[in-house]
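So the structure is just underneath, and the comments pick up after that.
All chains are identified by letter, namely A, B, C, D and E, in their written order; residue positions are counted from 1 within each chain.
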Amino acid sequence: GCSNEGETAGGSEDDSNTLVLAQAADIPSIDPQNSLSTTGDRVHRNMFSRLFMWDNELALQEDLVDTYKQIDEETWEFTLKEATFHNGEVVTAEDVKFSLERVMTDETLKEYPYFKQLKEVNVKDEQTVEIITDGPMPTILNLLAKSGSDILPKAYFEEVGIEGFQEKPIGSGPYQFEDWIRDDRVTLVPFEDYYGDKPKWDKVEVRAIPESSTRVGELLTGGVDVATDIPPNEWERVESESGVDLVNGETTRVSLLMVRTTEGYVTSDPKVREAIDLAIDQQAIVDSVLQGTGVPVRTRVPEGVFGTNPDLTNTRVYDVERAKELLAEAGHPDGIDITFTSSRGRYPLDSEVAQLIVSMLSEAGINAELKLLESSAFLDEYNSKSNEELIMIGLADGLLDASYSLVHYTEERAAGQTDYKNEEVEELFNAAGQNLDEEERKKQYQLIQEIVAEERPHIFLYQNAVNYGVSESITFTPRLDEAIRFDDLTKK
Amino acid sequence: MKKYLVKRLLQIIPVLFIISFVVFVLVYMAGDPVALMLPEDASESDREAMRAALGLTDPFYIQYFRFVGDLIQGNFGTSFRYNQAALPLVLERLPATFELAAASMVVATLMAIPLGIYSARKQNSLVDLFITGGSVLGKAMPNFWLGILLILLFAVNIQFFPVSGRGTIVHMILPAITLGTGIAAEMTRLIRSNMLEILNQDYIRTARSKGVSSNILVYKHAFRNSLIPVVTIMGLQVSHLVSGALITESVFSWPGIGLLLVQAVNGRDMAVVQAAVFVIALLVIIVNLITDLIYRLLDPRINYS
Amino acid sequence: MTQQVQVKQSTIKAPLLEVKELSKHFVVSTNLFGKPKESVKAVNGVNLLLEKGETLGIVGESGCGKSTMGNTILRLIEPTEGSIFFEGQDVLNMTRAQLQEMRKEVQMIFQDPFSSLNPRMRVFDIIAEPLRTHKVAIGKELHRRVYELLDLVGLDQSQADRFPHQFSGGQRQRIGIARAIALNPKLIVCDEPVSALDVSIQAQILNLLLELKEKLQLTLIFIGHGIPAVKYISDRIAVMYMGEIVEMADKESLFSKTRHPYTQGLISAVPIPDPSLREDSEDVILEKDLPDQRNLPKGCSFYSRCPFATEKCKEEKPKLKANKEGHLVACHYPLHA
Amino acid sequence: MTDNLLEVKNLHTHFFTENGVIPSVNGVTFSVKKGEVIGIVGESGCGKSVTSLSILQLINKPGKIVEGEIRFHDKDLTTFSEKDIRKIRGNKISMIFQEPLTSLNPVFTIGHQISEAIRLHQKVDKKEAKQRSITLLSKVGMANPERQYHAFPHLLSGGMRQRVMIAMALSCNPELLIADEPTTALDVTIQKQILKLMKNLSSESNTSIILITHDLGVIAEMVDRVVVMYGGEIVEENDVYSLFENPKHPYTKGLLNSTPKIHRLKEKLQSIKGNVPTPDQLPSGCNFQDRCPFAMKKCREISPDLVVSSDGSSVRCWLHQEKEVVNV
Amino acid sequence: MQGNAEAKTVGGIRPTVRKVKASGGFKRWCRLLLQSKTGTVGFIIVLIVVLVAIFADLIVPHDPAENNLSGMLLPPFWMDGGSTSYLLGTDNLGRDIFSRIIVGTRVSLLVGIFSVVLAGIIGLLVGVAAGYYGKWVDTILMRIVDSFLAIPSILFILVVLAVFEPSIMTLIVVIGLTNWVSYARVVRSEVLSVKERDFVRASHSIGTKNTTIIKKHIVPNIISSFIVISALSVATTIILEASLSFLGLGIQPPDVSWGAMLTDGRNYLATNWWIATFPGIAITITVLGIIFLGDWLRDVLDPRNYFSKKGGA
């Protein structure tokens, strides 16, 4: 882009070293333990630090933790680096205890459900903290790197309270909070006393621009350096413009159809479920509507996540003829009628994909009545489990561990939703959950995935991709967890 | 006059009361906010725990009385989403909203008055037809469509204005045009028809018989009279400008009250919805009161009794 | 002649209509609690007695309360005070059903022939409306009645399915008259039925009314500010000023022995369509405009314009009193004593 | 060259509406001498107002003067440009309209409206204009003119508003005043005051007046000469005394007979039968034929011309056609 | 008897009115229509749109929901790469835009017309009741109307559509329920003025019941301005439906509406302009037609067009 009056908003081309990021939605909250969204995480990750973190290669690294050891199956001990909060106070074991206990006990926090397996956090000394889990917990380090385990300054928080904290949040990350205009932008400035590498940017603005064409417009005119979530229809525009690049990245989010296996639904018959699966040409969906981004899968655990089964990625079972046969075998030679719920505008191109699936299903004699719901109505329906045979949803993995995803196939979790029940899966899952042997645990998870792919309580569609528009003056490598560490971006 | 004002202000109370009840029922009916706050992966017991913690398991009337009780103390409650008092959240949006509303009104007026008068003076001419057609077009274009088009044309292609965001006065121009066009279209038509009617009035004939020139006739004698109904329309449009701007706000990522309201409704964020509706309602009522006063100022025939 | 009719109808000489101390104050502003603060005293303690078969004319300047009084008699406007008796029955304390009955007997002809006919109804339906409302006639009989009425007021049957706007003012007023006489009423209140009409048409309507009055033995209250027309049609005339009756008498007596200065001014202000009388018409010009009806003076309401006013007039309100000829006047110093 | 201030010659004003042409004024000819008061009578819709508006070229859009001359000081006003005619309006010729209630602009004070008229035609400053306006207001009999100067029209009664209109019309000492039914909407007592005011005017400053009305009483009291119009044409013209004494045209006769009079008792009112025709429905032949008690075959076929007799009166009727003389 | 004889003759005289009978049906309307250029244009547009809506199924060249994965984003036929079998091109799922516009007419018109009918009925009832009965009825109803006016209608729509699934029916109901207030206000003020007219008083003086007066006198006299605002608000509603689609609350696939097409296509304005532009043109033309027709109706229904100068006053 070239310069214009709009530059006052901050663009890549001014000399000051400012980074402007445009996201499709504002951060939900400045409180890192009450946020639970990719958009919020992109800010929190740079403002707060956690005990662990995922590096650019998605390897788990110590962050605030200097050293750690596992004392027994349920007890872990961590010593902290010397770090300070933005207000100059030192990060201590007390702060860790305070932060983790907050998220472990406060049900109103959105991150709360993930931290239930932590039992106790004890301060050993100023720099040492002990965490006791409820049973063996192979995923504890993943959890401590997850959003929500951000360390908050105890003394400050208690002094100003939640209201005060939200007005001026304080963390120990490389950037400190300057301003948040809701539904507009969050502004961050570097924290000079950061314990890690010195922050690179003089200023970072994270803007919320919901309308994709506006976001792209800002990108093209140089108003922003990086724009997330560029929909396929804008790719041509971004690619053809000089000065900006389109960068494609993968995510852990897998789009899938949840199927009722409940008695009384036609889909309780495995043959019908198979027929539905065979009738959908995942590859065609990816190639047409998604314009080639996204990977057809038959599992919820995509590559890059611990426990993935490589046999189930990039496979194709599409066979309409066989699908018709299966329906006939199942006693429905004239086809079946089902109801298919999908969101609209919740995931990229969800309604288009859903409409495409409906027409694919109809080829095989499956007459799907489509119910497209706006995001909140969709969640209502999903959460109240009032959907019928099929519901299309995209599920991500916040822990980068198969345990996070595969819990859906346990009886307790599936009750009322898919009503899936399989003794073997149950046993495997429970065993893996307590299993500290990585290799064996992985095998167990892979086996679960094979069974699920066969029995189809979920019919998988594709692993979602995310596309970024990036100014050519910036180097940017997308990550599987969709996080952005500002200092990983560099100016060319 | 003073009594009139007091009377009008007192009438606000029952209106606000009805509004708060209707809104409460609506949002209550809309469903469970918790479902929207937790991720798809959360389990039923997680949601139950959160509901209990937020006091959402109580029966309707208890929730309502709690709400009214708080309200009387000036407390709208806490936003679920932001975990902050709701009223300041709403109030901090007001400047952005005002700014846009005022700018749109200015744009609308600047467009409508000359066009309306001109097409009335040249009734049934080609220009008149053109203006009428243009105002229909202005009315028929949905805001989002016009907004995106304006961005494409004037911000991306000829980079004359910034694409989005709030900041300097140039940031305001495209959203103001987007929002103002529809209003301008309506006003143009209204001014035109008013003008036509007024130009047929007896007192215009009187002025002509005095030897007044046609410019003075139009801009002095007729215009002031034709302005009277226009002011009413402007008052009515305020509601639209404050709450109905959300589409424009969203296209231009303008942090106004409309956007907040939609998000609050989608997130069933009761406290914010209530606070926002209250503030908007109050604004609308006050603006209508002001237009009423202006109306009375413009038209000496109306007295304050 | 009129007396004969009356005797035939009822041997007891009860008045047809009696109005006692009738007042109507329009509230024009209220205080915060809805209590009246300011009101227009449109009608102010009026007494009337109407014998069967007579025509009472009511004159007075525009806005002096003539229409308000007419409307109150039919209870189209609820009076503030006073009582009205129609054939001995208290109109103001009637039940809905009684009122309904009464409205068969008392009808009204309105001032403006253009606004008193529903522009969206056909003439037939307009005239049939009272007949239908009171279920007087249906079917063939209804048609017969309506055509008969049309005939009576001099309209053609073929015009029955037209809309009011297709008629001229005079014709419209005829439709209004047909509607008013449809139920064979005993009393008709004519509220300036000719003031919206042209002179030539006005004469037609006045003649028609006179003729109908005789034919149907009607009692009329004829309101008008065209004094010559009122004089032409009435037996007795009441002069109103600021909501009050200031003079009432037989028409001959009223014109030949005018007693109230206002009446005198009014009569002398009527232009005489005869240039030869131009010079010798004695001019009583009432110089000032009418006082504000919201706060009337406490004495005589004519005080401010009266050429003969004294201190007494300012302080004390004159009562309506009759002389031995039965000529009523409300003045401390009546002319032609 | 005559001593006529205004001469209207063969005026035709038609309205070109969607439903066809409405010939509201059809060949009207009359003249006004200096200081003379002439009256135009006729029933509603006969073209009185259109005639008066035509004089000042105030006919609006669908209407147009299609033929005729309006000579004021021997110059034809119909040929004037809009700019030139504006110099005449309000200055040399003023007009008072029928509806005092709607003829004043409701949003300006009456003082402002009078001053405006003054400042339009005279080079005076605001203060001077105000002073003159106040003088005018007191001249037309407004009590407390300083205060009333700042009053809005709606606060005034009909009579007061009409006086404001008169003050406005007099503001530049016009040579001709056209008063279009100035008292129709008023009470008799107020009417009397207004008429008296106008009478004084014409006698004091020798202003000519065209007084339009359909009230024969007003005519009888006010004017020197009467023009009777019917259906867009002049049917009779005569000096006021002769006209009332000896009306020639059957319509004039009917009009006089159907006017109720307070001084003549008892006698039954005569009425003209039938209704006033609208200008788009005029019959061929004499316009009055359907209502005329003396209508002859000829009346239905050929419309009579206005015939001027030697005494200066004129009439448009076959009954009087044979008698005399010149065709106009 | 002299008077009677005279009256008879009066009856025989031609009435002093226009040659055209106001009651007169079809021919008169045609003539009135043809007199106005814009009215004629409006009428023709609306007629075509209505016919298209009725016979949509017979006209469409393609199934509007049929995906053509090999022919996605085809431009209109006159452009490079366009095809005459997809006259106006295809959208991002390869659906025929021309067919979708034709089918979309139906929903847009249904929602437009019926929501206005609903709003009109409620508004008429409330407005008449408030205006005619006055007093406390008026006070209560008008406070409710005030409240509704002050609640942003978009909020109402958002909430209701969050509770009930968006369908043509819900859309109609929800738009109807939000728009009635403006009708109520207009109707009330009209009723207030009609109520004071002499013919209503005349009817009272006869002893007519209130309900009859409302039916026979009040409603017929306010109905024309009512029809006019209704016509105009059909146009507004069609646009409103587009805005609702933008918020994800409009009509749901596989139903098609112009608003939904416009919304779906808005992100393609820069690259594939035809997706959003053609439905936009359809909306504009239709709205134009309706507004022209509405303006014409206003002129025709204005009593001043019937009455002589005097009668109108």
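The definition used in the following text is that a residue touches a chain if its C-beta (ideal position, glycine included) is under 8 Å from a C-beta of that chain, and two chains touch if they have at least 3 such contacts.
If you want to know which protein each chain is, UniProt gives these names: B = ABC transporter permease; C = Stage 0 sporulation protein KE; D = Stage 0 sporulation protein KD; E = Glutathione transport system permease protein GsiD.
No experiment lies behind these values; they were computed from the predicted model shown.
Engineer: Could you tell me the least number of steps, going only between chains that touch, from chain A to chain D?
Structural biologist: So the least number of steps between the two chains is 2.
Engineer: Does B-D or C-E have the larger number of C-beta pairs in contact?
Structural biologist: Looking at B-D and C-E side by side, C-E shows more C-beta contacts.
Engineer: In whole angstrom, how far does the Cα centroid of chain A sit from the Cα centroid of chain C?
Structural biologist: The mean C-alpha positions of chain A and chain C differ by 87 Å.
Engineer: Using mean C-alpha positions as chain centres, tell me how far chain C is from chain D in Å, no decimals.
Structural biologist: The separation of the two C-alpha centroids amounts to 32 Å.
Engineer: Just the number, please: Cα centre separation of chain A and chain E in whole Å.
Structural biologist: 47
Engineer: Do you know which chain C residues sit against two or more other chains?
Structural biologist: As it turns out, chain C has residues touching two or more other chains at 168-171, 204, 207.
Engineer: Which positions in chain E are in touch with at least two other chains?
Structural biologist: Correct list: 6, 10, 15-16, 18, 162, 247, 266, 269-270, 310.
Engineer: Chain A: which residues touch two or more other chains?
Structural biologist: 213, 374-376, 380
Engineer: Using the touch rule from the top, collect the residues of chain E that touch chain A in their complex.
Structural biologist: Residues 65-67, 69, 72, 92-94, 161-162, 165-166, 247-249, 252-254, 266-272.
Engineer: Can you check the complex and tell me which residues of chain E touch chain C?
Structural biologist: Going through chain E, the ones touching chain C are 1, 3-4, 6-8, 10-12, 15-18, 21-23, 197-199, 201-209, 212, 216-217, 220-221, 303, 306-307, 310-311, 313.
Engineer: Of all residues in chain B (ABC transporter permease), which touch chain E in the complex?
Structural biologist: The touching residues are 11, 14-15, 18-19, 22-23, 26-27, 29-31, 129, 132-133, 136-137, 139-145, 148-149, 152, 156, 239, 242-244, 246-247, 258, 261-262, 265-266, 268, 273, 277, 280-281, 284-285.
Engineer: Which positions of chain C touch chain E when the two form their complex?
Structural biologist: These residues of chain C touch chain E: 71, 74, 76, 99-100, 103-104, 106-108, 110-112, 114-122, 125, 129-130, 133-134, 150, 153-156, 159, 161-163, 165-171, 174, 176, 179, 183, 204, 207-208, 210-211.
Engineer: Within the complex, which stretch of chain B (ABC transporter permease) touches chain A?
Structural biologist: 31-32, 35-44, 46-47, 49-50, 52-54, 81-85, 89, 92-93, 144, 148, 151-152, 155-156, 159-168, 170-171, 250-255, 259-260, 263, 266-268
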